[in-house]
Structures are given as structure tokens and as C-alpha cells.
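Labels A, B, C and D are assigned to the chains in the order they are written; within every chain, residues are numbered from 1.
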Amino acid sequence: MANFKGHALPGSFFLIFGFWWSVKYPFKHACRKNRKVCSSGSKVGLQRMEIIEGATKAAFALIGMIAEQFVPDGPHLRLYNYEEKQWSHLMNWQHSTMYLFYGISGIVDIITHTTKVVPVAIDRLMLSIAVFIEGFLFYYHVHGRAMLDVHIHLLLLVAVFAGALCVFLEVFHRGNIILELFRTSLCILQGSWFWQIGFVLYPPGGGPEWNQMDHNNMLFITMCYCWHYAFALLIVAINYGIITWLVQIKMKKVEPIQMGLLKSREREEESEDEI
Amino acid sequence: MANFKGHALPGSFFLIFGFWWSVKYPFKHACRKNRKVCSSGSKVGLQRMEIIEGATKAAFALIGMIAEQFVPDGPHLRLYNYEEKQWSHLMNWQHSTMYLFYGISGIVDIITHTTKVVPVAIDRLMLSIAVFIEGFLFYYHVHGRAMLDVHIHLLLLVAVFAGALCVFLEVFHRGNIILELFRTSLCILQGSWFWQIGFVLYPPGGGPEWNQMDHNNMLFITMCYCWHYAFALLIVAINYGIITWLVQIKMKKVEPIQMGLLKSREREEESEDEI
Amino acid sequence: MANFKGHALPGSFFLIFGFWWSVKYPFKHACRKNRKVCSSGSKVGLQRMEIIEGATKAAFALIGMIAEQFVPDGPHLRLYNYEEKQWSHLMNWQHSTMYLFYGISGIVDIITHTTKVVPVAIDRLMLSIAVFIEGFLFYYHVHGRAMLDVHIHLLLLVAVFAGALCVFLEVFHRGNIILELFRTSLCILQGSWFWQIGFVLYPPGGGPEWNQMDHNNMLFITMCYCWHYAFALLIVAINYGIITWLVQIKMKKVEPIQMGLLKSREREEESEDEI
Amino acid sequence: MANFKGHALPGSFFLIFGFWWSVKYPFKHACRKNRKVCSSGSKVGLQRMEIIEGATKAAFALIGMIAEQFVPDGPHLRLYNYEEKQWSHLMNWQHSTMYLFYGISGIVDIITHTTKVVPVAIDRLMLSIAVFIEGFLFYYHVHGRAMLDVHIHLLLLVAVFAGALCVFLEVFHRGNIILELFRTSLCILQGSWFWQIGFVLYPPGGGPEWNQMDHNNMLFITMCYCWHYAFALLIVAINYGIITWLVQIKMKKVEPIQMGLLKSREREEESEDEI
């Protein structure tokens, strides 16, 4: 949907996932270090969490597809307009296709974590493919529009392709906290940028329109994109800090003596890392 | 051959190989987990299978080269037309060259698996080179044609270069089931897309021609490419499911008790993977 | 600041860091081999060094941002000029944004090496992001200027993106001396090239202006860039030699006998490496 | 030198190195497997070989630089023509710069293998940089020439950048026979392609000139490039076969019994690889 809501919807999806990941991965990382805190039942819990995450992803994708198809000016599942002898609402169909692959990724997540026959890394491969397909379709999507419109969409591709690459690397470096946080920040960036696109191209509340041909607007938008990323990094950093602090408080309550020992051992390990 | 058959032939080759791989790799993966099922003689059997695969690849390449050279309007091995002072049937020669490298890859496969003096990973390097050469030639091949014709061929390059990269990664991560399945899906995509190209550019049975200059057709074709890939993923998933299911049935018959033990051990290993 | 000083300032920053790294990393490498020389207290010392480095980076970034904002013809923190209804001093704002990310990188360095809760590799990821953002902004920055101006800035991107890639690889290969020296040489290249840009585009002392449209100037500048890199490699090589030589002299003084033993053992290890 | 000899000279250098590597790496690989054959003194021998190789590389680079500078229509070390107020013989200077980096690479090779203070992988990094610089300069070098001239030079870049990447990977995978053979084949390709460029652009013996604007010539040249690579692969394969065969013959003479044991052990290792 080429309107404000059509950008706010995926933006919200990405923001929700980015925010959730910025809580989940620091927590998992803290758990990996302090096994005592995240004790019994956590394995089953983590697995259930993954399944719910996959189901949420699939549900978001379904909502997106339905919204694209059944808005008043949508295609209502009709692909070809036989009266006018041309394709019907190709934009909506392309958006549906993007959602479709995220849906497949969600389903693969569920299958991976419920059965044991599928290699676990397949969920990352499928997510990487979904993100790549999004970028691939966007690349051809904006062909022939106004300069600012094209530029603002193409900027998104930096986050998209970096995200696809990052997730693909996770196939080989599963559980690497650096890559997970990087992916999280890119996901938040995508989310907030979708909102930004909505505000720039379809100013809500009848605000003043942006001059699509002004070169200065392009320069500003490029810089603005970097600020969005700084903002995304800030959110990840704050959530990382809060989660780590909460886990440490809980840790101190549980076993004050044993932890002291663990801590000193840890410190040694880390300092050896550096040399 | 710039006609329907010239696209259906390689399309069929890729489909056959993609389909075969979607059976072979899940089976090998299942065997790796349950050594009892794929018991004695399997090593020799697997090796023989690889040799047959290489021979088939070389045979397909030979068929392709002969077809390109000796169709009625082909070059019949003549490279330069001295009467007209120009190159003769360069398109057919380029196709022959593409087939040639797949042929070399097939021969290298056979050598790798019959003798012991060649490092095994050389078969992947050679396949990667063959796929890359295909993409390299295609890239310059379509220069100066109609817009849709160019676009539909260039889309193929995404699958080709992704395939070349994937196979190159297999040089270092041999036997990685994720990469093998990824390669399989890209191979099926190539196969089905060759058929699609044939149907779009040379509608068989005198169907209506596509408007090569319509921008909407380009948008549709791009999206259609993604659907082909979703279809390729579906085939891989279904075959993976069937093969795993068949192996598990056989496993239960063979040694019902021992397997139970193995299964529980496996589960522990996998869950440690996740944390 | 589009003047000589605006290029000399970042140039000096990069040169200082490049030169410092060309001393630091060979020293760390020599220490790793001869643990006796860099004895007790060195762990704490190395950590303090990293913190000071991070603080310096952040300070340089702050200086850069203040300089860009508060030069006489700067924006003085005003982003939008309401009188003229346009963005105010976008170039200075873009430069400030580049400095901002280096500032974030510096702060992350400090946090990483003072607390123990953050995974160490995050400092490299953040540096890689900062370098990438610099290149990303530069890419759109020079749009629409004279040919030589564009070319001389785009050449910089080779060093920038190679640097970003190199630092990203360090996330996975931390402490790899090869990558560290490679990064050092690219950093010196950036520094000296910023000075070169200043001299070419804004000849100080009223020297003759360069013809911005002469194709030969472009060819010369491209070659000159390679010479700068040869010069950067030379600096790294000389500093590497001096540091290694100084460490070996100190080593001989400390424990002449024990070292002899160590040395012969080392030689064996290395030669096995080669085979 | 923009003439036949100016292309034949580097072509010969690359061919000599490619041919030498196609003998050296299979031999090293065979030695790694059969330690008995390449017995005592081989370590020192291998090291001496590396030093000679580095010296040869540096000598070739020096010859190239001298040839470019002191041919009759060369710059004779003069960079700026003050009479005509323009750069003097920039093409020759660019070629000299390319040779310069290969020279540095040769010197680094010598230093790496004579002293023990330098990490060994630095020789590959430096070679990778040298190859990249060659490609980088070539990319801007051909700007503004005739279509076929540009195309035939840009084709070279595929081999150059693939070579740079391959050598860079060797920094992390030193001694990987697959990468070494791949590099060898790309080196031979470069060598034979330089000769081809010479024959096409400056037909010796007053042969007919090629039409630089004929699209068919471009298509043919692209295909021809692939044939050159097939030829390069063939040379590598033949030399690999001969060397392996010679080593095996020698092996059988030396210790017929012991080898049999080794061979069967080897076979087991390899077949485990496959599963």
C-alpha cells in the first residue's frame, strides 16, 4: 500500500522484533555466562520461546499479506485484470510476496524447534533468504519514481542486505552474540526507517510535502539514516545494560559466595582473550 | 539456440539434478545420524553414486554441446564464416562453452572419486567455476536485446552467482547440509526459470506474445522469480521430509531398542547446540 | 569544512592513530612471542592502554564535531534555516555525523575495556560500523561536484571500505597480526590522503590550481594514491622492524640463556607451519 | 608500453610463475602426504626455494619497471613535462607502479623466509595487495578508449580480482591445495590473456586489424577468455598428474612395504572425509 499505513505496518513489525531481540539475546548471553541463574527448565523454556517467536513472525506475515490484498484499493487476490488486459495492483502483490517469505521463515522456525529431524541452522538460512528477497524486490520496486522516493527506499537496502549477510554468517557462527546484536540493530533501523519513509512521502495530518527533487533533501535524508542507526545502537546498548544488570542482581541474591569465585575465574579468562 | 527447446533442454538438466540432489543430500544427512541403517557397503555405494553423478553431468553437457552445434541452424563446429567475414553463430558457441565447463566439472568429479591422488574438494571448486562461467557468459550474452529479454535473463544471474558462491563455500565447509540444501534449491530455481524463459520469450503453440517493453511485465516477472524460488524451497522441503521419514521407518524396523538410546543421546547433543 | 584545514584535521587524526597502531601491534605481537620481556603488570598496562586509546578516539571525534559546528561559517548546531526555508550547512552536519560514529566507537572501546559484562569483540564491530558509515556518507557526499573532486574523494572509499571489511574480519579473527597491520596501513593511507586532498583542492599559500577537468590529472591522482599506499606500507614495515629489534635487544639483556632455548623451539614451530 | 612487447613481457612473467606454481604446489602436496620421499633437508630446501621465488619476482618487477621507463618513447624517470605543462607518459608510470607492488611483494617474500621475526602469512597479504593494485590501476587505466580495447582489458580484471581474493583467503587458509591450484590457474590465465591482448590490439607481422567497434568481436573475445581458462585448467591438471605420478614412482622405489601400509591408512582417512 503506497500510503502512510503501508509503511507504518511493516515498520512496527520490525520495531517489535528488533526490540524483542534486544532483550532476548543479551539475556541468553548473560545466561550462558551464569548458568546457575537461568537454571532448570530453561532449555525447554528457550525452545518454547523460539517457537512462539516463529509463530509471531508467521502471524505478522499473514496480517501483512491480508492487509495488502484486502484493503479497499487492493487486488483481492486477483492477479490479472482481463478487462484492462494488464496486471492488477502489482505493488500490492510484490509486498505480499515479501511478507510471504517472512511467513515461510516463521514456519521453518516452528518446524526447526519442534522436531529434531531438521538441522537447526536452517532457520537462519531461511531468514537470510527472506531478508534478501525483501531487498531484491525493493531494488526493482522503485524503478522510475521521483528522486527522493527512490533514494529513501534504496537507503533501506543497506540495512536489508547487511542484515541478510549478517544472518547468513550466523549459519556458520550460530550463537555469536556480536552478530546477534548487529542483526538486532539493523532490524530496529529498518523498523524506524519504514516509519520515516511514511512521514516523508505521505506526511500525515496534511503536513507540508517534501520537495522530491531538491538535492539538499537527499543529502539530509542520507544523514538522517545514520542518525536512525545511532538511535538503534542506543536502544540495543540500553537494553543490553538493563538486562545484564538485572541478571547480575538476581545472581547476587541466589548464590553470593559461589558467584564471587566464578567472577574471578571469568576475569582471568577474558584477560587471556585480550593478550 | 534462441528458441523454446534451447531453454527447455538446460532447464530439464538443472531440474533433474536439483531433484536428485533434494533426494541425495537429505539421505546422506539421515545416514550420518543413523549409521546403523546405511550399513556395510555404503561407503563404496556412495562413491559409486558420486561417479555416476559425475558421468551423468558430463553426458548432459555433451548432449547440450552437440545439440547447440548440430541443430539445423547451428554452426556445425565452424567458428568463422570466411564468406561473410564474420563470426558464425556466436550464440550457439557461447552456449557450447557454458556446457563445456559443466562437462569439465563432470570429468573432474569422476577423477576425484575414482583415484585417491586428487584432493576431494577440487570437485566443488570446479563446479563453482563452471557455474560462475555460466553467469559470466550470460552477463555479456544479453547485451543489446529487448528490455524484458535482458531482464528475464539477468534475473537468472542471481541464482547463478548465489550458486557459485554457495559451492565455493562448500570447498571449505564440505558436507554442510545447509549449504547443500541451499545449492539444491538454487539449482531447481535455475531449472524452472529456464522453462519460464522459454514460455515467456517463445510462447509454444502460438500463444500471445509478451509485450517486451511493458514496465508492468518486468515487475511481474521479478515477482514471479520469487514465486519460483518459493516453489523450489517447497520441493526441497517435501523431499527432505519424505526421505527422513522413510529412513526413520527403516530405522525402527532394524533395531528398535538401540535406536531409542541413540535418539535420546542425540536430543541432548542438539539441545546443547542451542544454548 | 570544505577548505584545507577541514581535510588536514581528520588527516592528522588518522595519521596519529595509524602511526600509534604501527607501534602498538608489532609490540603486542613481539610480547606474545616473548612473554618474559613484557612481564608482570603488562595485562593491566595493556588494558589501560586500550582505555586511553578509546578516550583519545572519542576526544578527537569531539574536537572534529566542535570544529565542524563552530567554525565561523559553520551551522552552530542549527539544522534548518527557517528564513531561507532550507537545510543549513549540510556538509558540516555530514562531517559531524562521521565524527559522531567514531565518537561512539571510542566510548564503546572504553566501556568494553573497563567493565567485564560486554563481549570484547563489540569494539571491533563498532569501529567497523564507524568506518563503514564514513564511507557511506562520503559516497553520497560528493554527488554533483567537479570530476577531479569526485574522483579524489572516491579513491578514499577504497581505503575506507577495505578498512571496514578488515575490522569486521577482526571480529572473528581477533588478535590476528596480519589483519592488524593491514588495518594500520589503511589508516595511514587515509590520513596521508586527506592531506593530499587538501593540497590538491585547496592549494595552500596561493599555489597554482589544478585543472579539475583534465583527464591526465585523474590518471596521475589514481597512481599517486598507490604511491601513498606504498609509503604507508613502508612506515609500517620500518616501525615493525624497529619495535621487534628493540624487544629482541631487551630480551637478550634479561635472560640470555633461556631465550636461546625458546628461540630454537620457536624456529621449529615456524618451520612446521610452512610445510 | 602500448604495443605488442608491452603485453608480451608481463604475459611471459605470469606464464612463468603460473607454470612454476603448477609444478611446485602439486609437489608440496605430494610431499605432505608421503613424508618419506621428501626427506631430510627438504625443510631447508623448501625455504631456499621460497627465497629464490621471491627474488625472481622482485627481479621480474625490476625488469618490467626498467623496460617501462627506458624504452625509447618512455619517460626516463621524468614525471612532469615542464615545457608542455603536463604529466609525462602517464601510461608507462602506471605500469611501473603495478610492477613496483609486485617488487615489494617479492622483497617481502624474501624477508619473510630469511628472518623469523615476521609472521609468515604477511607474504600472502602483500601478494594479495599487489594483485589488487594491478586491478585497481587497470580499472581506471582504460577509461576513454575504444570499446574492444576497454572490454579486453576489463576481462582481465575478472582474473585479477579473483586472484586477489584467492590470495587473501590464503592468509587464513595457508597451504590449502585447492586455493593454491586455483591461484595457479588464474595466474596462467592472466599470462596467456596478456599475450592474447597483444595479438588482438597490436597484430604482429602486419596482420589484419580487428574492428574495435564490432559487437560480435566483443562476444567472441568474451568466449575466448573462457577457452583460455579451460586451457589454463588443462595445464594445471596435466602438471598435477605428472608430478603426482613421478612422486609415486619414487615412493615405490624407496620403501615398497611401508608405503603400502601408509596408503591403506590414507584411504581410510579420505573416505571418512567423504561421509
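The working rule: a contact is a pair of C-beta atoms (placed from the backbone, for glycine too) under 8 Å apart; a residue touches a chain by one contact, two chains touch by 3 or more.
Just so we're clear, the structure is a prediction, and the values are computed from it rather than from any experiment.
**Q** So, comparing C-alpha centroids, which chain is the farthest one from chain A?
**A** In terms of C-alpha centroids, the chain at the greatest distance from chain A is D.
**Q** Give a one-word verdict, same or different, on whether chain C and chain D use largely identical residue numbers at their interface, taking over half shared as same.
**A** Chain C vs chain D: different; shared/all numbers falls short of half.
**Q** Would you kindly tell me how far, in whole Å, the mean C-alpha position of chain C lies from that of chain B?
**A** 44
**Q** Please tell me the distance, in whole Å, between the geometric centres of chain A and chain C computed from their C-alpha atoms.
**A** That gives a centre separation of 31 Å.
**Q** What are the residues of chain B that contact at least two other chains?
**A** Chain B, residues with two or more chain partners: not present.
**Q** What residues of chain C sit close enough to touch chain A in their complex?
**A** Contacts found on chain C: 28, 31-32, 43, 46-47, 50, 86-87, 90, 93-94, 97, 100-101, 104, 116-122, 125-126, 129, 133, 136-137, 140-141, 143-144, 171-172, 174.
**Q** Contact residues on chain C for chain D in the complex?
**A** It is residues 29, 158, 173, 177-178, 181-182, 214-220, 222-223, 226-227, 229-230, 233, 240, 244, 248, 266-267, 270-271, 273-275 of chain C that touch chain D.
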